[in-house]
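Each of the two complexes below includes chain A, the first together with chain B, the second together with chain C.
For the complex of A and B:
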């Protein structure tokens, strides 16, 4: 696909996808039918699904999907595997609790939402930027190590710091504000709230992936040396990617805090921090839809694994093992996650059987 | 940075200066002396060929000029400005360009996106979050470059799916983005078919007069047809400089390079 959808002036060439559909097409004609179907199903979901499913399954999937999306942006487009995304989400949640309202009134400042939310996001973005500035000097496994080190430092720090982070117990009673006369804690409003922000994050990432900033990031991923030889300040681009990813992770963190009405060191413990990586890998990191697929699978497993195990006569506390096994299976059969599996299936269906018989298969 | 700060200063510095002025460039890789005391001046618009056997240090010289890595000693001046310690992207933004001997492309992006990135890199708003519209000037110049290197058909193809020759053409296109003032071509003709080779010569000969370049080329036919001066390198040193005809006839050169070499 070309950078823009319409060709300029009297140019004779058209981009590949508009060629396949004949004349000029508008953007909504180019969205595959399955996406429209998905959008419709998600919009009318509250009619079909129970409160539990709306709040615990879908709400949570959208939130985890957003946090994993921030990792997908860094890893899929930038080639930087950051373990710190859940930590950034938790930091935003903490700042929301500290600057805004919580049950811990000795610490919480109680400022209104229109100050606490932007400030929480800003602090998350600053933290993400600083992390990026440290991490972009490293490569591959060392990026993973340094961001993991930052994540564990944050976990132990919040657990031991009582002045600001209220130590082991953290903050409870962090509630979404009552805006427009709607109680956003109710399952249906909360479902739409998370659906809205997940969709916005998804579309923004999709849009930016074709804007100069996103393209340049993919250039850095493919060949950083060449990017420098084209006039790009490679490290500045990488750091800016961390800043942007932190915004999405921070948004996810605020929603996560509202969902559970609490934030504590365990939110960004080593387990949850790594789970974000697991989610992104299960879903696939080649396109921004992957993290949401991964999050949905993860949430389903996490919610029902105990029931499945118990019904099989096994001990319920082995649910982590079941999740681990599923992860292993998916990665074993498709290293690029469900998206990779899907792409290969499509390629298989499109293959011309005649050509194969004539022995021209690659 | 000790760069001239204003545009006026930079212009006046470049007024009478050489396009490229290398003084005493050396490069050590551990104990290996890849370059030793290289001094070269190239005036604006000059087209120079650099010849030399494998391992002579030609590519290393390019790397020192573009800042892919820093020389161990010596200075690099570009239109009068001392750029010796500049990061690569600062040099490129001043009008220096290069191609790589081993193609350095963005395998996960289309041909057009590769060229568009090259155009954007030497322009403004590299961090822009807005997709370019149809009135975007860079889109038009990227379209032009696609045509210049005959990649119209493959415009939307992923780079990883290109043929070797097409990758080499793309490599050239990316060095022509924006308004280059001086270009370094590292063996652009290597591995090309005869047709592709003559297309390449056409492109090189057709570059605007003010656009000087250095071309590293093993193929004497290509090198001598597009250049007006020749530098011979051997074992990290400059061995001979002169007009193409002089170099071709020089007995020492013939003994060392043309006779026994792989050229």
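For the complex of A and C:
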């Protein structure tokens, strides 16, 4: 916990630095060139990549990245590691299938998209708020345990409930609507759809992290007692963070349901729920870009694990072993994930050999 | 006990009334209206016994977890994997040597030794970093689950108890009266489950004695309350840590053999028992053995009664108990505020 705090403290400091440096420049000059390059590459990706890569690799990475981003927001800025984000995403997916259209016509209400999507997001946010209200009664590692227990209760409940959640098989045939004359199920539109929402949620999280609410939340993370003494309602800030994170996770859940065209208890099983944590940790929980990096690595590993394993002389079933070992190595050697490695590399390059301390440039 | 009665007289009366009703329901011959209300007494008694024996199993798993957490603040999310490992080792020993009883010490010591390795190579390196420990143990449990799946496959294993323990035994609990002759019908219950229940009660009592009546127990309790002060008084705290970790891990291994005898061992059981011990410990209170016992009994009973009387919502009953405890007593029933 302490390591995360310290690192994000640093990142807040550096962002403040860059703001003070760029006070006279326009906003697009303040964004590093590498981000513009990345945006350009992502925008013209459909020219280069195959349909499979667009739909299965990039689309899936953006979706998992969004769900992991909601965890990053809670953990990185709020200091609350909530395992329940995938569950919230799955709940939004379930609500979409129940309120909207699916192949299970006995349960699905078949209402139009402009009712089903907002309603699904609203229910996901209510669920997230309730979970938050429960989880903020304790803190630190207890939060992990409680959210894990809630996540597994949801999994077992959806698996046993046939009236509303259709039990083990869940819902299939949940298709993206045919809007504005575009079939959003096709790889290229779906790619842009996921890219758009991932970018929006990334920018919103970035904005909130610098807005008064986000700064107060970071204050609560660093010293809850002092913030309470300053007159902030600590628990209200934490619960509001859960609500906001639930919105992002819910969006991710709807996209995930469209991507796989189905939703079932397995979507929010214990494995996928933990995978979101793995993704966020591999990427790094200090900045909002981390979860997307983590998701991309996870998806690449998951897609090509069989080839990697076969080339190592193992059978393709050992995917979990590979991802588990990657996770272990990263947590063991760089608790801040890939972003932590990157920061350390930058600090190492900037190091003045005449000084002792790392990164303390004159 | 007396303080509780003095402080909360109304709650004590309610609890006593509930206990009296429960005792009456266990021993009396049920009148017709009760049977028509909640079904036959045999079902009720079976759910009660299954719940208590399941609670005994949960207690074995959760007490190690809570002991480790209470003393070292280590959240060992690989505890379920230790349980499963113990089960597989116990199966291997029992089926190769033919002695069921041998599976218990072997599992206890092998898994305990594994726990020592974990403490030595993982937890000692990151002392005081809660989140990192938690994440590392999640990683370890993912890797262990896949390694065990690799070695033992996805099959279900049952550890068979010896012949003198198999089969049911007639207990002295009355389930009903024969219409024709007026004789009482007594409940039959698998003997192995009763033995396991007795064993877990004995282990629990032994732990209580160890913690409350010995020098080592005194050191452990002092460590739970204030670790730094204990090490300042010259106690060799690292040794205590290793010992407690080995003991807690060993208990999980032992519980694996019990679980393999009583149910079965298969991939996925590790998560199930990890979650069960999490809920038990959240309900009972972190670091308290008594709390673990109360929580385990409560959760075991809730699961069994839930699956008998509310078949689809058995999980929800467990969950509601957890939510209620969190809402009214966030530190758990026996936890310290």
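Definition applied: the second predicted complex is superposed on the first by the 330 of 362 C-alpha atoms of A that agree within 3 Å, B and C clash if a C-alpha of one lies under 4 Å from a C-alpha of the other, contacts with A are read in each partner's own complex, and residues count from 1 in each chain.
Criterion: a contact is a pair of C-beta atoms (placed from the backbone, for glycine too) under 8 Å apart; a residue touches a chain by one contact, two chains touch by 3 or more.
Since this is a predicted model, take the numbers as computed values, not measurements.
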Which superposed partner A:164 touches (first chain B, second chain C, both, neither): neither
Partner chain in contact with A:274 - chain B first, chain C second, else both or neither: second
First (chain B), second (chain C), both or neither touched by A:335: second
Partner chain in contact with A:146 - chain B first, chain C second, else both or neither: second
Chain B versus chain C as contact partner of A:345, first or second or both or neither: neither
Which superposed partner A:156 touches (first chain B, second chain C, both, neither): second
Which of chain B and chain C A:234 touches, first, second, both or neither: first
First, second, both or neither for A:327, with chain B first and chain C second: second
Contacts of A:31 with chain B and chain C, given as first, second, both or neither: neither
Overlap of chain C and chain B interfaces on chain A (superposed complexes): 1-4
Residues of chain B touching chain A in the complex: 66-68, 87-89, 92-93, 98, 100, 104-110, 112-113, 116-118, 120-122, 125-136, 139-140, 142-143, 152, 155-156, 174, 177-178
Touching residues on chain A, where the partner in the complex is chain C: 1-4, 81, 134, 137-138, 140-142, 144-146, 148-150, 152-153, 156-157, 160-162, 270, 274, 277-278, 281, 317-318, 320-321, 323-325, 327-328, 331-332, 335
Residue ranges of chain C touching chain A (in the complex, touch as defined): 75, 128-132, 134-136, 138-140, 142-143, 145-147, 149-150, 271, 275, 278-279, 281-282, 286, 312-316, 318-319, 322-323, 326-327, 330
In the complex, chain A residues that touch chain B: 1-4, 6-9, 11, 13, 15-16, 207-208, 210-213, 215-216, 218-219, 221-223, 225-234, 237, 240
